[in-house]
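So, here come the structures, one by one.
Two complexes are shown next, each including subunit A; its partner changes from subunit B in the first to subunit C in the second.
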Partner chain A sequence: MPDLKLQRLFPSLTRRQLFAGAAALGTVSMLPVAAWADGTRLNVRAYLEPDDYDPLDASGFLEELLYGCIYRKLIQYVPGDEWAWQNDLAESIEQTSPTTIAFTLKQGQMWSDGYGEITAEDVKFSMDRHMVEENNSRIKPDLGTFTHVEVTGSHSGIIHMERPFAPIWTIALPYLAGTVICKQATEEAGGKITTAVPPTVSGPYRVREHRLGERWVLDRNPEFSGEPADFERVDLIVIVDEAAAEIAKEAGDVDFTAIGPASVQRLGDNPPAGTQLKVHPALFYHWVGLNVQNPKFEDIRVRQAIMHAIDVPSIMQAAFFDVAEPATGIIAPGLIGHRPETLIPPQADFARARELLDEAGIDRLDINIDVLNNVTHTTVAQVMQAMMAQAGIDLNISVHEGGSFWSLGVAADGDRWQDLELTLKRFSMTPDPYYATAWFVSEQIGDWNWEQFSSEEFDQLHDEALSETDPARRDEMYRRMQDLMEESGGYRFLTHGVTANLFADSIVPATRPDGLPLVQHFRRA
Partner chain B sequence: MTAFRHTLTGRLLADPLAVVAMLIIAGMVMVALLADVISPHDYSAMNLVDRFSPPSATYWLGTDNLGRDTFSRLAQGSRIALYVALTAVTISGAIGLVLGMIAGFGPRWLDNSLLFIFDTARAYPTIILALALAALLPRGLSTVVIVVVITSFSEYGRVVRTQTLSLKNAEFILAERAMGASFGRIVFHHILPNVLGPFFILAAMNLPVVITIEAGMSFLGIGVPPGTPSWGATLKDGFDYIRTTPWIILAGGLPLILVTLGFTFLGEALRDQLDPKLRKGR
Partner chain C sequence: MLQYTLQRIALALGIVFVAISILYTVMITLPGDPTTVLLGPRATPELRAAFRANLGLDNPVHVQIAQFWGRIASGDLGTDYNRNRPVAEAVFSALPHTMALVFGAIVWSAVLGIMLGAFSADNRNSWIDRVTAVLSVGFLAAPSFVVALYSLLLFSVTLRWFPTIGAGEPGDILNRLYHLALPSFAIGLAWVGYVARIVRAAMLETLGENYIRTARAFGLPRRTVIYNYALRVAILPAVQVLGVGIGGLLSSAVFAEIVFSRPGIGSLIYDSVSGRNYPVVMGSMLVAIGFFVTCALIADLVNAALDPRHRTRS
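Entry: the complex of A and B
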């Protein structure tokens, strides 16, 4: 009977042909599996996706994940557990005075697709463009007091700074702002790289395609001038949700992913077969920010009441599963400027919160918090909602997808930034405190400073600290800056979290000391 | 007694499938009405010490990541499900009914224009529309209702239009017209009663769809705000911890399955009883 039905459907199909077809189909379906199984392909989870390939539009580590694979820098972070940098394009690079750094490029470092050799002109073009006002570079603060690059030869130049800038070795050069792009290709593209794939690359991988909302497919760059990459293909797969990423790892769809705090203990005690878990102390900082310019929070007692009504230990327990410690500020332990404790204790004081509201003449307070649609932050918000109710504060939670959320406080994206109330955010960080405070100066209002916190003393300290060379004095300055943030009533610091990476035995991942992946250095086991 | 057996209710009660459906729906309505009474715990009370508790005598369906009682949250969630389903179906049904009758009775150009609107609304994917509206409107039940109304009124409109078109030239209507019956009499005494049968079948079939849309939107984080005890939110909470505590997602899915079955069975039973062709075939 089944044969009769098949014959009706496919009149010319014989049983032999059917078996042959099935065999062929099976062989074809195994081809990608075979390519994957020989270890030449690497799948890494990305938790969001950058807008394009131009460092002018970069905002954080996600771009670095991609740029690290396709572009190069003068120097790069060394993978491992200690913060250090190593030469990349630079043959030699040294501080020749407090405000100048001389560099010489390695010979024969090539752009792909016929764009020739990487020269000092490319370095100058790449760094100087961040200083041009019309370019609206979002990472301009990374460069601190940098003014320009002086080209002294085809392969040599001098980096000039207006004043000494201590973090230039830890932030500016080895991170996003230090990314070198091709001058000729960028000018041909109209001054910005917004093409579907970059016209030229210099890193170990090149972009084959970008499937919007899904993944980047990178191939080994055959024209890479350094040691060839270990993988023929790297997919940066966009998986926003941590739980989904964990399932993807366990299903074998990704080889490397960060996982959420909920799974750290379980997977640490009992990792799946062929999988390893490594937990790193993170530099990220999560905090609840309050827009101090919102008329609702004009009275500082209201702001302080809200801060007193947030119980950080409960949040650590509920959302971070006690694998992370409460933060004392935006600067993590071990870095210059880390504070030993907060001004307001991490434990909530509901009676004090109620008292402050009464003093301000407020019976019930209705407020809103905007959060990203991820399990950790929505859990934090729900804990806050329950806690705040005890102090007579009704907290409404508004959840946003990544694109929508990250435009909330940006003046160029509409008027919503002025009406913001509370926001829950996490910023990425580099190993210098300058990178943390840079986003909270008055100049950043309408861009990254969503709290609209403005303090002359803070701005001045930030400006002075970036040139301060005495570590003790610098430490004191950054501590004071965090005190000022907290005194404004605009900040409740939560945690730095942890970075827990789950990865396949078949790869040797390379990470920064804070656990963030340097995919360009990943190797096969 | 014989007369009762020939009424719609009597015929439904004689159909085992309809009885099962009505029992499920009645159960859901009772749970929604008595949610505050039957819930053993405060649905929003956090208890971190007891979080991820498996089902037990204390927590019948276990607890979630914040130690909230899953049964109490599902009981409260039935109110949300009913509210969204009834509100959305009533509004979209009313709009569809009016527009469908206008299309059926109106001139050709108006009929074509309304058909174009129906087809456009129907063609728009629900989730895409939900994502777009979620970005523009505040999250909440009203946004869910708006999404459902926009995507489903056209179904009612099409059904009512088709029924109206087939009825308006029926012999008994022509006879009424010939006898001088007013437009209002024809519509309210003849067309409307004949349209309502298929209309209610569609509404019954759509109720679980609406509940599922609400749950789906909440699952995706674009429905009700976090903390609201909707069934979709419970599913989302369960999904996040599916590896370690599968009972949360199982408990969240159970009422959805039951309600979908209940309303679908009822819709089918109604169709069997109200569709003359199907009745003849029995």
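Entry: the complex of A and C
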């Protein structure tokens, strides 16, 4: 007897139905991959998802990637190979005294969706709200000694600082903290923009939709007051994995992506059809830090021996595939405070390292290095391990995932910070040296100063350089600060790395000098 | 059957409760301060302290777990630290993508696996059977992330048949299916081999049963006996395995969603764990574990409905 229950569950499939199904699948598979390849759409990779539309919650470049497309600032970075800024909303802007900056807005710059003209009140609202404690702005430190904006007319105002703050021109105004949002729209939204799409925008693009975990879809903003954007649609696509992004570019699914140093030579020598590669010196800084307060490294000769046993050129070759240059400090070339050379040459001197250990009365030294679980840093550690053995130093490598690693040196997260030995880190950077040295002052111990480096002179110079407006004097001060870091034996500077961008030759990308994209300035070729 | 169903549901709820409580404990005892990761380097110590206090991260572990279950009992999955939005919104916008991926993989791999297994059993010890055996074991041995990368290189970069990233345009079913094809192929391939081996073994056992011999003795066509009678019984073990296998597919989905840059529960959990975004991790895990336990429960109930011996044994 046929089992009717089973028959209902598993109806039989005829051969004809099977063929029809296969034919349908075949038809689906023949659909064109790049249906949008009509030149009016731009696909740009974002390596993580920006948090939201409100600058209060911004924490890094990913938000800037989005904000650059939809919002404006008084001034913004000029695309190209040299760090400079240009007027955006500002018709004129100038330092009128060491603690004041006067600005006048261009006339007729509009918010979209009926929110009227951009006024000085919007500028005041946007900047002052970072200073309100309850707003919990994540980027408040970028504004330094800024106190408030004084509105002097519908289109003019004065930016006030408590004391001179040189980075206001390089970090605050042209970056996240300088983003101008609409006062009326934000107040209507309850003081913070948490809507699915922003109620109003001022940039060349507007948000059509945010596909959570996948992409931000932007359309050309027809109400943009400047030169209309070149693309009808821009997709900021979240691709976490670098290899996946590279494959997506090769397949033509993204038009612009950064790639890892491992791929630079291969793609540089043999780029995929219709693709170009451009390599930029980056601003990041990678370094090996040594906890100078650890009893194991009490004797400075031990610290110096470790520094002499690290061969930076070998690391460049093995981990950075010879596409990056050794760093001379934490401040990259092209910025105020860049040092021409290090105190200890980048090449290792194993004999000198051995000699220093002997002087310190150490036969063999067992030490530990904590690194992030990325290929570059684990390779660096392995190269170091092999090299240090030549000087009689046994290096143990501890690999951590991101969440665990970034709290190793944080006092609020347990006692591990006190026992740290060596760490390998990369910090991001903005185009002002203040941003680099800020992490190594004494008050950062137990927070981001994992080397526990403490120098009164360094702290004083950091404080003074903040307010120093003479570029030559500032340059000298920051050089001296890096000398102090190196003299402590707590730092071996590795490299600033590179930003390698792979892009379709149907577009003309615009980037900052460090290679980070300014999507609002991208054009069709 | 009702008593059996109620027992299974109670067991499923117990599993969810224990699994989530253990996970919560493990997660918050992991090194890694969420405020450091979430607020970025420029956040002031005062802001970080306020953030910790506001989120109850200063409370003892058992209090945090109790608070978590209290929220769940009132239907609240919590708030995403990063984006100030309800966790439910993040989770339930990601879930359909993962379900589509997992069920897509299950469906195609089950259909192909069952066909291969049945065909193999029908041609036992022939060269076809041996080739199928080699293929099945080969599929089983291939890690899904390797299959994902190689299928991307072959079908997307070289042949340009399929897209490499994304989940397709919302509202366009064909486009969605088109974007689903390669990821579901990558995570389903191993299951083809697994299902084929299970079905083959079950078929061989079934083909030795009396009722099959009787059917043959009555002169029923060979194909009818094998594919209409034997196969219907032989796929029962595969149904059970597929139900439990959803768990395995969920973990494969993490890789597939990252490699193919698809939204989904897998990539949401991955990002949230890295960022120590506890509410999102727990909300996602609750839904993922609930999804897995529900699938296993359904498989149990289907099996019990199809084969009364299961519920009798229980």
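Just so we're on the same page, the second predicted complex is superposed on the first by the 312 of 525 C-alpha atoms of A that agree within 3 Å, B and C clash if a C-alpha of one lies under 4 Å from a C-alpha of the other, contacts with A are read in each partner's own complex, and residues count from 1 in each chain.
Criterion: a residue touches a chain if its C-beta (ideal position, glycine included) is under 8 Å from a C-beta of that chain, and two chains touch if they have at least 3 such contacts.
Just so we're clear, the structure is a prediction, and the values are computed from it rather than from any experiment.
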A:Val383 contacts which: subunit B (first), subunit C (second), both, neither?
first
One more residue to check, A:Thr195. First (subunit B), second (subunit C), both or neither?
neither
By the touch definition at the top of the document, which applies to A:Thr275: first (subunit B), second (subunit C), both, or neither?
neither
Does subunit B (first) or subunit C (second) touch A:Ala243, or do both, or does neither?
both
Of the two partner chains, subunit B (first) and subunit C (second), which one does A:Arg266 touch, if any: first, second, both, or neither?
first
Output check: A:Asn135 vs subunit B and subunit C. Expected answer is one of first, second, both, neither. What do you get?
neither
Which partner does A:Ser398 reach: the first (subunit B), the second (subunit C), both, or neither?
first
Which of the two partners, first being subunit B and second being subunit C, lies in contact with A:Ser314: first, second, both, or neither?
first
Partner chain(s) touched by A:Ser407 [first = subunit B, second = subunit C, both, neither]:
second
Looking at subunit A, does subunit C or subunit B touch more of its residues?
C
Jot down the residues of subunit A that show up as touching in both complexes, subunit B in one and subunit C in the other.
241, 243, 247, 401, 404
Would you mind writing out the residues of subunit B in touch with subunit A in their complex?
44, 46, 48, 51, 65-66, 131, 135, 138-139, 221-222, 225-227, 239-244
Name, in rising order, each residue of subunit A that touches subunit C in their complex.
2-3, 5-6, 9-10, 12, 28-31, 33-34, 48-49, 51-52, 57, 59-60, 136, 138-142, 192, 194, 209, 211-215, 237-241, 243-244, 247-248, 250-254, 401-404, 406-408, 410, 412-414, 416, 427-428, 439, 447-448
Along subunit A, where are the residues that touch subunit B in the complex?
241, 243, 246-247, 262-263, 266, 314, 317-318, 371, 373, 375, 378-379, 381-383, 385-386, 396-399, 401, 404
Given the complex, residues on subunit C that touch subunit A span 30-37, 39-45, 47-52, 82-85, 89-90, 93-94, 149, 152-153, 156-157, 160-167, 170, 174-175, 177-178, 181, 228, 232, 235, 258-264, 267-268, 270-271, 273-276, 305-306
